[in-house]
């Protein structure tokens, strides 16, 4: 049943993502800056430029180019990168896991940060701990990611020898360890939203009747908070986390840059700068799919937590 | 167990919350005042280079030291407040209005309009945001106009989603049915009846949005797409301070803290508004 | 005479709020023996729920309390904001839909107390829960064990709540309008269920409601609560048969009696007093047709008329002559 | 509980995401690299100015001066080594993996397609060329070639190849391989037109190659040192081109091992390398670390041995850290102001001269270079042949500036837009100039654009003033000078200034076809003087190449055209 729901959700998003790819296609083509000139430099003679355009088919009118792009898309061919001269898919697969790993770990850290803080804030509503908890995430929002990143590298990575100073790592254990600080940096950026959501929903839940029932059973306070309070309060926060991670999909490039991670974000910005059309279009499509998947995942997690919600 | 005693305790708690509105407006007031009175607070010209005293540490005549061109950091911080607050507040208005309107219409009428708006929001959700920003900056050049347009194009999505949800639930309420039976036009119902009831959410959201935009400008400057030099703005100050982080860390940090304080004041105001406007 | 399971002596509860201090409970005393069912009748805002929360030991954080409560002769802590209920006391709420955790299977919610409070293993707790489900009359408990609250009807949910209340092997079950939200036919089954439970398990029941008919049907003794205090207490026959307080009289007159056709209903004029600014004297005075000057000051607490009945009205004898507008149905 | 705060996340995402671009430019700025001059090819200084090139570090391709030091024969090598580093008692150790943190990845493994400096520096260690820039960057030394003769008419070059040179697959290098490689470069390489002077190539025997040029071409040997003229086995050793460049075979000290795009590229020792005993390290791994601060932290944390593109302002503080050396190698990077002389008022000589007088190069150098470079007077940097130290550049003096402006078409000043690729140290320099021109009534507004767009903007003359510069690729000024002053050559329109001065063009052509050094020196001195007088380009600063490395790295040195000789490096760990 869930599978059918998955497929239906994906099908519903296909037109949206296609629409988005079309917009990106025309936007990147219409933006000033000509890839031949950028790649070959101003000294390249006219013949080299013409040969380049001919080879890549940029001499054809835009709509024709778009049709061939669509044609390729249907067969899963995202075209070839101008600057790397390698099929886009090949270029992207290598950089897929770092980005996904970063998203997953930062989501995890965001929740790990949010749970204790939100609980303290909710239970001490309107007293000092609550105010403090509401101020701390503001820092996460206000300070730029590169600043937090470099701080972590300088004062943590340098001092802890099993933590690498940036870089991705070759083996799987190394990769996970390499993701700790970047994940934390991203989580600090997301936490303000998850804390705020969890705090307000926890306050609301702790007023509910079933909490009084649970307490009336003579259960310990911690059990009531965990099994009944948080179990209900976390549901809306899952969606907030999903939306945040969904947005991060195309936008992790500051952290990728600071921590030297080979992610999709950096690849996209280079492609945009170098007018590497195929990569820009391919990535836009992939980002679209990833955003849909992340939000879909959030809905599924939410449905598993809340039986009242049917995967209709 | 919804007993009088419990709702009593809730009111007790809520009473205290009005402080956050006061603290928020107070804080913001101080910042705005400092920005306006900048010429009287500090003698220096924010644009004047003094190549003999570059990267000077904080001292009596330069409270926060000087930047890589010898300009007084404290002065630039104050003048930057003018620009960044303007950008923050200004860039929220269009998305707030368009988003609320579209959300209301989509929520109220449903059907094809709702589908169209939702498709648009979904599409923008998945859109690689900075491809849009770069395209805009290419065609319009860096600076405030492209920031405003970029925000306007993308930022309305959240308002639309929030208001749509609220209007959808409001549509089923009796007071809407009643208004319909009295023969009011749809527009009148939406604007005079539904919106006033649901406006709290988008308004408080706008508060946190202002912060988000100011921080967004910081990131644009970091990418070299922000406010063009020499106009002082926190974003370019943080970005240009970045390569001095290990030697003159204050160049990047202090504007960052300024952004946080502005963020704090707006979110406190947001919280205060939420509780003040939310019906008991 | 077994020792009373519940002893409440001169209970006072004050709640601080922005509008001032609310005197929710002003000197309430009563006892309930094992196997007995005691009813507490009163309009909303009379402080009956705060009384229940006090007995549970779950007063809100802005509450301060005086007097004593003891359950099977153990003192109940009266501090506000406690997170854990006192042993031996359970509660059944009015709204089954909101009183059950929407995201946890009902079976688990019933077996939770046996497992985590009484320390039973997973298997034993499950069997205990199934046993309780049968006791409260839920058909085919094995299948319904894994159901979620929103998948059950109002009646079944209420039975689950009762099973939950029993799951902690309480000495006393407090019921806060448990049947108000149910339709009459289901209400009747639930009331019969309570009576059976009380007889079979010997658990004491305190039944709080505004519905006199329900109290008459299920309770042995009753107290009439108004403005945070008991205006009259006693056996059902005494209090309903020979009401010795104008308020009780008024309540009985306000109950529509289907069997007697269209007798005019007499509503009590005015509305319950504001518990913040309570003047001295009898709190019912402003609405009392028997009121005199001497009712205006002094403290009006219960004084016993005989073994079966006590009242807080100083002019109770003035009522002795007048029978209630009509005979209350003897249960 | 509405919480779809999509918008909130935009900010957050923006915060988290957007950054980067700076990476491309951040890293770039004063990257030392010299780019070979190789005749046609573009400019660039690693420092952008013309191109904004962060991303590609200067599109204009600053390729490498192709091979490296190699004096005439082995003996000189040792000599070059000795003065470069203190000789260790027990001599260089073998072994270890040298980790080189750089800010950008390779784009290809094919020297023909390579256009960016970082790609070229890696390929330099796989492929080699017939001739190479000398250690001091002032001349060309034979490398895969051992000797050469040029015919009297200067149109025929006979080159004899070095004995005993073997490709990494064991196959000996012959004249056929050279003919194939150079012909391929001319036909396919992005910068093949540098060798367009070659008409035909003959191979009389295995060890001799004869190049016939259609006209006498003075910088011919320097052009042969361009990286695009890399020597590879004929017909790609029997493989298809694509297959060959999956795992390229060259004569260089290292051979290709593994490339994970965006992460690292690793070369391992080529045991068949013709220089005995070299390279010392087992392998070199170039890691991809775009952020300046992170590169330095990796150095401090021991995760990298060498870091390039160290921000100038951090060099001194980094040098004080124990275990780390941070300094600059002399480089040929020059930055200047360039005018769009096809539009008002910049076609007026007096306006340009007024601006030249108003600019104070010393102040700029002190404020923006932190002592790692100096003011520039000539367009040819000191480390390049035919640099004229006595170039009569205009004195920085406001009164003279006002006097010049008074004679100009806009006596009471004007406003203009200054186009600059957004990466350090460009922006600060332009901001300083903005301040220096204001008292003259010239109101400068700064238009920063992303480096990827810089070239295509100035190429279509969509600018008034621009921040441009040049880094040498090969040890001969011709490529740069012709590109700057000869509008027809290479389609550069005098480096997009549209400057067209017949006297200057004549000098440039003479410089290309005159063989005697003394005469060429005088020609280039005249060119530098004429520019100083006409100032289509106002030289600003000369930059060195900042590097940092841990003390365990021995024998690291970089010549003025940016060539790293990692075969001479060894690790003392």
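In order of appearance the chains are A, B, C and D, and numbering begins at 1 in each one.
Everything below uses one rule, namely that a residue touches a chain if its C-beta (ideal position, glycine included) is under 8 Å from a C-beta of that chain, and two chains touch if they have at least 3 such contacts.
None of the values given here were measured: they were computed from a predicted structure.
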Chain with minimal offset from the mean of all protein Cα atoms: A
A-B or B-D - the one linked by more C-beta pairs in contact: B-D
Centroid-based (C-alpha) most distant chain relative to chain C: D
Rounded Å distance between chain B and chain D, as computed from the means of their C-alpha atoms: 44
Rounded Å distance between chain A and chain B, as computed from the means of their C-alpha atoms: 22
Distance from chain C to chain B - Cα centre to Cα centre, in angstrom: 52
Separation of mean Cα positions, chain D and chain C [Å, integer]: 90
Touching two or more other chains - residue numbers and ranges from chain B: 1, 6, 125, 129-130, 134, 138, 211-212, 215, 218-219, 222, 242, 245-246
Where chain A touches two or more other chains, by residue: 32-33, 141, 144, 146, 150, 154, 209, 212, 246-247, 250-251, 253-254, 269, 272-273
Chain D: positions in contact with at least two other chains: 4-6, 8, 10-15, 17-22, 293, 450, 453
Interface residues, chain A side, partner chain C - complex: 208-210, 212-221, 223-224, 227-228, 231-232, 235, 305-308
Residue numbers on chain D that touch chain A, as the complex places them: 1, 3-6, 8-24, 40-44, 50-51, 55-56, 59-61, 107-108, 113, 115, 190, 193, 260-263, 287-291, 293-294, 297-298, 300-301, 303, 450-453, 455-459, 483, 490-492, 495-496
Partner chain D, residues of chain A touching it in the complex: 32-34, 37-46, 48, 83-86, 91, 94-95, 141, 144-146, 150, 153-154, 157-158, 164-168, 185-186, 189-190, 192-193, 197, 200-201, 204, 236-237, 239-240, 243-244, 246-248, 250-260, 262-263, 265-267, 269-270, 272-275
Chain A-touching residues of chain C, taken from the complex the two chains share: 56, 58, 83-87, 89-91, 93, 95, 98-104, 112-113, 116-117, 148, 150, 161, 164-165, 167-168
Residue numbers on chain D that touch chain B, as the complex places them: 2, 4-8, 10-15, 17-22, 25-26, 292-293, 296, 311, 313-314, 317, 363, 366-368, 422-424, 427-428, 430-432, 434-435, 445-450, 453
